[in-house]
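To keep things simple, chains are lettered A, B, C, D, E and F as they appear, and every chain counts its residues starting from 1.
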C-alpha cells in the first residue's frame, strides 16, 4: 500500500476513534438506564430505517443501556383485514374492533413482533417477543368511544405487571412488546401503542420514553421545519394545544408523554422516525433531535 | 343441615383427602422435574379438553413439576390459508411451504400461542408465549422433501438455545412454544411440532416427553382398544414397524420418542389427548395411560 | 382385561384427576404460606390418625405450603412420671413442675419429637426436630400460679427467635417443635403447647394457626354436633365465654387464637383431631371443618 | 492506683496479648475447617470440665473454626434404666438393647443433647441439637453381636446425609448430635458415639476428629504417663494392638480413627477429657495433648 | 522428659487456654464490626512495635473483626524533602505544601503504604494498599491556613466514597490507606491522617476509631501518668481544653474523635502507640488503655 | 439557525451515528473479555497521548470490555535517582538495583500509578491502583544477571494471585498495576513491566495483551514504515530474530507475547503508543495497527 493511502486510512481511523470517545459521556450518563421506544410508522416500513433502528437497539444494549420496544402494526393490519374481506364498522368516526378484527390485529402484531425479534438476533442482540398477555404483562379494560359508544375490543391499560420484563432485561434480553392487553376474563384488547409504551415506561421507571413518529417533532409553525420546538415543558402544553401548535394525532402522543413524566419517567421524546438512527442521535448527542417533553 | 347430609359431606371430603394423599408419591417423584408436552389435535379443539389440559399444566407447576408446552396449529392454519385464498403446491405429496404460507403459519401459531398463555394465566398460572425465534431458541435449517425436492420453508432443528427457557422456568413461568425455527440468515422455518418438542425435551434434559394424539396409543391389533401396548422398549420398535403395528403418522412420533430417549429424556409417552386430564393421569397414576416408549 | 373393567379403571382415574384439579385453587391460595399446627390429643395416640396427620404435613410441604408442628406430650409424660414414682404436688389445683418433673417432661417430649420427625421422613418429607432451647428458639420466663403461687418450672413465652426456623423452612425441612422454653440463665421451662404454637405462628407471621383438639370445635349447644359454629369473630368471644358456650379448656385455646390474630396471623382454627386428614380438609376445602376464629 | 500496681496490670495485659498473638498461626491454620468432637466421659460429668469444653466450642466457632459435637450418654442412661427397673439381658457379655431400653437411651440422650445446646447458648454460641433421625442424618442398620447374636436395636452406620449439618454450620450454628440412628423402616438404633463421630467427620470431610476419653492417650507403658505416644501412624497400629499397647476399649476408638483417616479426615486425636480445655490445647498448641493418629 | 517438666508445660498451656477463653466475650462483642486505626508515630518507627501492630491487625481480622488502617508518614517525608533539597516555605507557622512537596508526600506515603501491606501479608493476612485517589475514596477540597493564607495542596475531606472499602473488607482484605485526597479537578491534596481516619470511620459506620499516639492518653496532670483519664465524655471536652488539660496537637485529635462520634462511630480512643499490642489490649480487655472519648 | 446549517449538523450527527454503529461488531466480539495493556514510553509522557489512552480505557470499560493496565516508570525513575544523587552500579551492562534504588523505583511507580488512577477517575471511570504487593498479587524471586551476577532486587515472576484483580474487575473497577513484585520473605523486587503484563494476562486468561511501544511495530525493513508486519505467527519468530528483523529491546517484548499466547492469551499486540487512541483502534478496527503476534 502506498504511504499516502496508509496515512489516509490512519486519519480516518483516528476520526472514528474520536467519535467513539465523544460518545463516552453519553454512555456513562445512561449506563444501566431503561429506555422505552415506541416503534412505528415509516421506520417500520422502510428496510434501511428498520435496519438502523434495530442496530441502535443492539448497540444500546451492548453499551449498557436497556432498550424496551413497543411496536405498532399499522398498514399490515389494514392489509390483512382487506385480504380477509373483513369490513370495519365505524362509530363516531372510530373503527370498531369486533372479535374477528381483534383476531387479525393480534395475528399481524404477533408476526411483526417476531420479525423484529429475529432482526435483533441477526444483529447479535438477544431479542424476546412478548405481548401484553404474557404473564399478564398488560392488564386492560374495555374503553368506550365517544358518547359511550361500544367500539369493541379497544382497551385501556388498567395495570402493568412488569416483573417478567425486569427479569428478561436483567438477563440481557431486549424485550419487544405487542400492544395487546388482556382483560379480567382473559379477553383480548387492542391497546394504542403509544399508550402502552407510556404505561410500560412508567411501570419500569424508565429514564426515557421515545416515540418514533413520521414528523420532525412539534413545529411552532407547521410550515417551516426550522420552527421545531426542541424542548417543551409539560406546563406549556395546554396553551400549545389551544394555539393549534399541538393538534390532531400529536395530542394523544403528547398527553402520553405528560402522563409518563408525571409517573416518574425522566424525559420523553417525540422523534422523527424517518431520520436514520434517530434513537442513537437522541441518546448520543447533546441537542438530540425532535421535541423533548419534560 | 341435617346430620345425614353433614355426614355425607364429611364422607366425600375424606374421600377427596385420600385421593390427594394418594398423589403424594407422584408429586415427590417428579418434584423439580421438567415435562415437555406436545399439545395438539382434539385436545386443542374441544373446549372442555382444552380446559382440562390447561388445568393439568397449572396444577403440575404448583405442585413443583415444570411443564413446557409445544403446540401445533393444525386446522386453524388450513382455515386461514383458505380464507386468504392461498393455494398450496404439492411436491411428492407434501405441501410446499412458500413464503406467504409460512407467514400465515407463523401468524396463526402466534395467535394460538397467546390464547394458550392467556388460558394458563386465567387459571392462576404464569404463562409466557415464545416462538423458536425468541433468543434464537430453535435454530433451524432447510429440510428437503423426497428426492431432494424443495418444499420451501420446512425446517429441521439444528440447535436449541435453552438458556431463556431455563431462566423463565426457574422464575416460575410456564413456557408455551410455537414450533417456528429460525435460520442462520434469520429466515423463518416451519418445524414439525413433535420434533420440536422432542428436541426441546432433549435440550432441557426433561424427565418426560408427552405427545398428545388422537388415538389410544399404540395398539397391537388396530381393531381392539384392549390390545393397547402400555410399554414398548426402543429396541422393539423396528420389528413393530415392520409388522405394521406402528404405521403411518405414528412412525415419526415414535422416532421422535426414540431420539429423545437417546438424548437423555427419561421416559416418553404417546397419550390419548381425547381423554380429559390425560397428562395428569399419566403423571399421577401408576399405570399411566397410552403407550410409554422407554 | 375386559373392556368393562378398563372403563371402570379409567372412570375412577378421571374422578381422581378431577379431585386433584379441585385442589388447585387451594394450592395456589396457600402457596409459600406458613401454617403452624398444634398437634396433640387423640391424633397423637391413634396410629391411623397419626399416619394421616403426618401425610397431610408432607403433602402440604410438597405442594408448596410450609407446615410447622408444635406437639404436646400428654399421657406419655404422666405415664413416665408414674413409672418413675415421681409424685406431683398440686397448688391451687395446678400441678407443680419441680426440676425432676421438668426433666421427665423434657425427655418424653424429646422422644415424641423424634418419633414425629422419623414418621415424616418415612413418608418422604424432611423433618427436623427442635426444642425451644435450640438457638434459643423459645425464650421463656417463670410463670406464677394463682395467688402468685410458685408452680415450679412452668414458663410463659418471653421472646421467639425465629431465624433458625426460617432457615430450615426455606431449605425445605418441616420443623417439629417441643414446647420447652429456656430462661435467661439457661433454666428449662415447660410451656403450654397451644401457647407455644400461637407465639411461633405470630413470630413467623404464619397464614394459619391450627389447633388439633378432641372435640368437633365450638358448639353453640354442647349437646348437638349440628350446632357447630363454623366461624367466630374475635369480638364475639367475650359474650360466648360469658354464655358458657366457650368454657373450660377451650378458653385458653381460644385466647391463644385471639392473640395470634392480633399478632398478624391470618386465620386460626380449632380442629377436630379425631377426624382423619382434618388438616388437609381445612386447607383444601371451602367450608373447612371445626371452628375458625378470625 | 499506685504506679506499681498499674505497671503490674499492664504487664499482665501484655502477657495476655502475647498469648493471643501466639494463637494466630493456629487460628489461620484452622480457619473455616470443621472439627468433629466426640464428647463423653468425665468431661460430661464434672461441671468445671463441662464449662471448659463448652467454652472451647464457642471460642472455636467465633474464631472461624466449625465444631460439631457428638455426645455419649453413659451413666445417665444406666441411672434411668435402674430407676425404671428395666433389667438388661446380656448375650455374650453384651447388653441387649430391647425396645424399652432403646426408648430410655433415646430419651436420656435427648435430654443431655438439649442440656449441651443450652450451655453453648448461655456462653453466646448458637447451638442446635439434632439426633440421627433429623433429616435422616444417620441412617443405620441392625448390628449383630458375637456369633450373630441378636442384641436388639444396636445399629451400625449405613449412610450419613450431611446436608442439614452443612446448612446449619454455614449459618453459624454449632450442631450437637445424639448418636441415634434410623433404619430403612424408621426403626431407632443405638449407635456407638465414637463410631458416629467418625462417620460424621468423614461425611463432612472434617479436618480433625477428636475423641475425648478418660485416659492420657495411648501409653507405651501403661504404668507411666511419661510414656505417652504423641503421634502414631495408622500403619503402626496392628503391631501396637498385638503388643497390647492398644487394648480393650481403646481398640475400637483407634479403629474409628483409622477409618476416619482413610475416609479423608486429616488428623484424629485421642484426648484426655479430664484436662480442662483439652480441645483448645489440641487446636492451639504445637505439641497438642494426647495421642494423634494420622 | 521429666514429669515435672511436663507438668510445667501443661500448666503453662492451661494458662494460655484460659487467656484465650477470657478473650471470648470481646471476640463476640466485636465480631463483624469495623475498627479504623490511625497508625503513626513511634509505632511506625520501631520494628518491634510495627510487628506488634501488624500482628494485632491480622489477629483481629482472623477472629472476625474488620480493621482498616490509615497511616501517617512523618519523619520519612521530612527526610526525603531534605534529601531532595526541597525547602519548605512557612506561612503563619504552617508548612506550605507546594506541588513538589506534595509529590514527595505522596511518593513517601505510597512506599510506606505498600510496606505495611507487605508486612500484613507476611503475617498471613491479606493487605491491600489504597490511597484516597483509588475509586475517588477521599474527595477533598483546598484548605486555607490562618487568615485565609494559601498553604498549597493541604486539603480537607469533602466526601468519602466507601464502596470500594466495603467490597474489599467483605472479601476478607485489610485495607491500608494513605491520607491523600483528590479534588474535583483531579488535583492531589495532603490530608491530615487523623482527620482522614475519622472521616473514614464515619463513612464506614465503624464501631471504633483508634488513634495511635506517642503519649499515654489524656492526662489530668501532665506530670503524672497516674492521672490518665480513662474515659471522657464529648461534653466535658470544651472545659478540658479551657483548663489546658487537652492542648496542642491533642486538640485536633480529640476534635476528630468528637466528630466521628457525632457521625455515628460508637467509641473513639487515643492510644499509646509506644505500648506493644495497644490495639489488641484496647479491644480485648475491659479497661482498655489510653483515653476513650465517647 | 439557517436550514443549511441545520442540515450540516444533522449530516455530521448521522456520520457519528454510523461510526458508532460500525463499532458494534467489535463491542460484541470483546464484550466481557479482559484486555491487559502494558502502558509506557511516549504515551506516558505526552499529555495528549496520555489523555487518549485513559479515555480509551474508560470507554472500553463502559462498553463492557475489561482493561487492566500495567505501567512502566522510565524517565521519572532516572530523574529521581539523579535528584537524590544515587549512582547506579553496572554489572555486565545491567544496572544493579540496590535497596536504595529499589526504594526510589517503588516510590516513583507508586506516584505514577495513582496519577493514572486519578486520570481514569476524572474521566468517569473507577480506577484502582495496585502494586504486586497488594494481596501478594505478584510473587517474585531474585533474578540473576549474566554469568549469574547479582544485580540486586531485580525479580522474575514466580506466581500471580489474581483473585483480588478478579474481584475488582467484576465490581466494575479498572485496575492499574505497578510492576513491583514481592518475595517469600516480603522483599521488594523490580519486575520488567512487559513481563508483568504478560504474566498477569496469562493468570487472568485475558483475551488480548497489548504492549504500547515507541515504534510502529515490527518492520520487515527497519527503514520503511510501509514494511510493517501486521501479523506474525509465533513459529516465525526464531527466523525473524535470526534475520535481525526482531532485535534489541523488541526481542524480550516478543518473547513475552509468545509466552502469553502459550499461556492461553488469545492475541498479543505490539502497538505504536505514539499514535493517539492506538488501543481503541486495535480493538475497534479490523486491520488494527501495529503487529499482532499470535
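Rule of thumb we're sticking to: a residue touches a chain if its C-beta (ideal position, glycine included) is under 8 Å from a C-beta of that chain, and two chains touch if they have at least 3 such contacts.
Which chain is which protein? Per UniProt: A, B, C, D, E, F = Acetylglutamate kinase.
Note that the coordinates shown come from a computational prediction; the quantities given were computed from them, not determined experimentally.
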### Message
Going only through chains that touch each other, how many steps at minimum separate chain C (Acetylglutamate kinase) from chain E (Acetylglutamate kinase)?
### Response
2
### Message
By mean C-alpha position, what chain is farthest away from chain F (Acetylglutamate kinase)?
### Response
C
### Message
Can you compute the centre-to-centre distance for chain D (Acetylglutamate kinase) and chain F (Acetylglutamate kinase), using the mean CA position of each chain? Integer Å is fine.
### Response
57
## Note on the structure
So, in whole Å, the Cα centroid of chain C (Acetylglutamate kinase) is separated from that of chain F (Acetylglutamate kinase) by 69
### Task
Name the residues of chain C (Acetylglutamate kinase) that each touch 2 or more other chains.
none
#### Entry: Category of the chain touch graph - line, ring, star, complete, other
ring
### Task
Report the order of chains around the ring; begin at chain E (Acetylglutamate kinase) and proceed in the direction of chain F (Acetylglutamate kinase).
E, F, A, B, C, D
### Message
Taking the touch rule as given, give the residues of chain A (Acetylglutamate kinase) at its contact with chain F (Acetylglutamate kinase) in the complex, in rising order.
### Response
1-3, 6, 9-10, 13-25, 27-28, 31, 52, 55-56, 58-59, 62-64, 123-124, 225-226, 275-277, 280-281, 284-285, 287, 289
### Query
Tell me, which parts of chain C (Acetylglutamate kinase) touch chain D (Acetylglutamate kinase) in their complex?
83-84, 103, 106-108, 110-111, 113-114, 117-119, 121-122, 126-131, 133-136, 164, 167-168, 171, 173, 180, 182, 185-186, 188
